[in-house]
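Sending over a structure as structure tokens; questions will come in a sec.
First chain written, first letter: the chains are A, B, C and D, and each begins at residue 1.
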Amino acid sequence: MEISGKPSFKPEMTLNRIQALTDGIFAIAMTLLVLSIDMPEKDLSLSGTPLHKFLLNQLDQFYIYAMSFFLLAVFWIIGHRQSRYFKRTDNKHLWINILILMFVCLVPYSSSLVSDFGDDWMANLFFNTNMFIIALLYWINWIYGTKHKRLIDENLDCSVISISGIKSKVFLMVSMLAIILSLIVPPYAGFSYLLLILFYNLKRIYNKK
Amino acid sequence: MEISGKPSFKPEMTLNRIQALTDGIFAIAMTLLVLSIDMPEKDLSLSGTPLHKFLLNQLDQFYIYAMSFFLLAVFWIIGHRQSRYFKRTDNKHLWINILILMFVCLVPYSSSLVSDFGDDWMANLFFNTNMFIIALLYWINWIYGTKHKRLIDENLDCSVISISGIKSKVFLMVSMLAIILSLIVPPYAGFSYLLLILFYNLKRIYNKK
Amino acid sequence: MEISGKPSFKPEMTLNRIQALTDGIFAIAMTLLVLSIDMPEKDLSLSGTPLHKFLLNQLDQFYIYAMSFFLLAVFWIIGHRQSRYFKRTDNKHLWINILILMFVCLVPYSSSLVSDFGDDWMANLFFNTNMFIIALLYWINWIYGTKHKRLIDENLDCSVISISGIKSKVFLMVSMLAIILSLIVPPYAGFSYLLLILFYNLKRIYNKK
Amino acid sequence: MEISGKPSFKPEMTLNRIQALTDGIFAIAMTLLVLSIDMPEKDLSLSGTPLHKFLLNQLDQFYIYAMSFFLLAVFWIIGHRQSRYFKRTDNKHLWINILILMFVCLVPYSSSLVSDFGDDWMANLFFNTNMFIIALLYWINWIYGTKHKRLIDENLDCSVISISGIKSKVFLMVSMLAIILSLIVPPYAGFSYLLLILFYNLKRIYNKK
């Protein structure tokens, strides 16, 4: 795909910079999540509510914060695990990654939405669809990169390729479940992500045998 | 340009740190774009508007978000492509890059403006002029760096130099078109950036032949 | 723990990216601290308060900013010192670090809370518990990594291991003191962190002998 | 200063991570500057003010933004130039740098203050003192690091040392002038930074000869 006449510049350079942008965006998106936890008004004491009551009432906002942080961390790990195998990059791979980042940057918004409107089906649907799309894009990224060993190490074992794709596939299914639950029991849809912990450890137990 | 007596420090070090600053600023500017999407008020349900109606009304804000993200990504790629060829740096090159970053950091503001006042010619003019200036500065960066092969690899083929400058030149023209459209049909000015996708793929088709 | 058949990818790569994410998150959390200092209203002059009086009244907010920044810097140094010894990583180590980052990202919130409600026991308790948890997690990180020299250099002297763990242990005790003081004399609880400066220099004096 | 028995870890690692934190914080502080430019209210059109009039009235806010960005860029360059010479680090050097970052993170606040209260002596004094302290700390950093060639390359020529310290000394004097002007002609105090451009180019002209 290289134009002849071009001097050889190292392809890792491009991979490194995609990773730098990715790490930067994940770091900021994760930190901005905290803005979705409401700060008490300064005249709180005037309204007669003590601060500890206010914070107790906000327990579910802290839960949303922790869950969103956890999910972004899982995506960061999925992306990192994939990128360890990539030896090359091309234009499509680059744009899949930018699309991923576009939806990662949307997470603080989705998280705010579900933090403020936890009982609303739309807020939950929005949040879970956001997660689903990121999982889908990571899955596409892996399928695209490994097909005909396009962008990965040629010596990579096929069994490794299929095992490594499992994580994003599991996430896909779990977020699909969360989407369905959003429509039936909105405030409990998020619990489906607990399955991630179960499934990811199942895989580890299986590998150890 | 090096003062004699100075110990040799590696010029890549400076290039690396400009890139680190650039990647950091792009990552933050891209993430801050999400703040230009309005959050619904917490007492939304009191006003009788269901959340899904609110979000539907905001579709154009999501579109502005996606477009701004896409344009910043294109600039990031243009900058990255250029920097792969640079072997040296000097004071002027450094300051061109800082000027670029100054206008990149302004994008979340421009994007907010066009997100809130999409029908206003001034908001669109502001946004598109911002894009035009960034494209212009990237073009100046490339002209400056490649003239007499000042900062680039001496063995670089002249045809590569001219091809590599095309991307920012195309962006220049497209954003100029967007500026003109801002004055005539403000809300549709942004569509001119769709031409980028067309032109950039034209180039790829041409290269493949 | 490596699955046979996997091509060797460098473990430092994972360590490097955890560090990149960590540095990014610390940088942002530190910068967001400034948002907890209240800006004067634009119509301040209308209320007859001159700006210098307003800023003087805010002296304790500046103090909270400086203290939070200092504490985050201490954590960053503790984390950096630990990571210098780590040669490997595994899943548990990765998740301990993500948990650390989750509580680091919460610091701008805790800091805002104590900045707005400095006299309230709950605000101080929240802030100091946040600090305590981060210190605890760094201590767990060190215990986990050094046990049976799991993740560190095998040749590392045992005395170095025990000395290097002291910093987080000291922080643990100091933040525990701060938690107790939060319940007795809320506005003065933060002063216990001054002990850190004393203890850390005691250690240096001891090392020099 | 190394404890015997410690395995050799590379001192550049520490320098690299200080630089990563520094680049991250500068990138974020620079990007947050944009938040000090007021967004027009959404019901602006109701008040009869067209958007272009609103933006024209805000010209000085854009000027403050550009000036603050420029000053942070100058500091970033000063810090980068210094760090190129540093081969080692120690605890004091680390803490001088953290102190620098603490005042860099304060710049978006100072900038907001001067952006909202440009005519007030206190706002200008605050902003310019902030700049003065950063310049002072960079100067201390250089003095500390170069004294007895403590942290720098031993072969570094003395003339280079003194020349390299000039940039922060010039900044010190210019910001001192800005502080004095804040007390006499507040809204024009910022213009003293234009002297930086003059002085820094004087130095270049001098070097060329």
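The working rule: contacts are C-beta pairs under 8 Å (C-beta built on N, C-alpha and C of every residue); 3 or more make two chains touch, one makes a residue touch a chain.
On a predicted model such as this, the values are computed, not experimentally measured, just so you know.
In this assembly, D is the chain whose CA centroid lies farthest from the centroid of chain A. Between chain B and chain D, two chains of identical sequence, the interface residue sets overlap only in part, with shared numbers making up under half of the total.
Each chain gets a centre from the mean of its Cα atoms; for chain A and chain D, those two points are 35 Å apart.
Taking each chain's centre as the average of its CA atoms, chain C and chain D sit 25 Å apart. Residues of chain D in contact with at least two other chains: 20, 24, 27-28. Partner chain A is touched in their complex by these residues of chain B: 19-20, 23-24, 26-28, 30-31, 33-34, 37, 39-40, 42, 44, 50-52, 55, 65-66, 69-70, 73, 76-77, 80, 84-85, 153, 155-157, 159-160, 163, 204, 207. Residues of chain D touching chain C in their complex: 3, 5-7, 9, 13-14, 17, 20-21, 24-25, 27-29, 32, 91, 94, 98, 101-102, 105-106, 108-109, 112-113, 116-117, 120, 122-123, 126.
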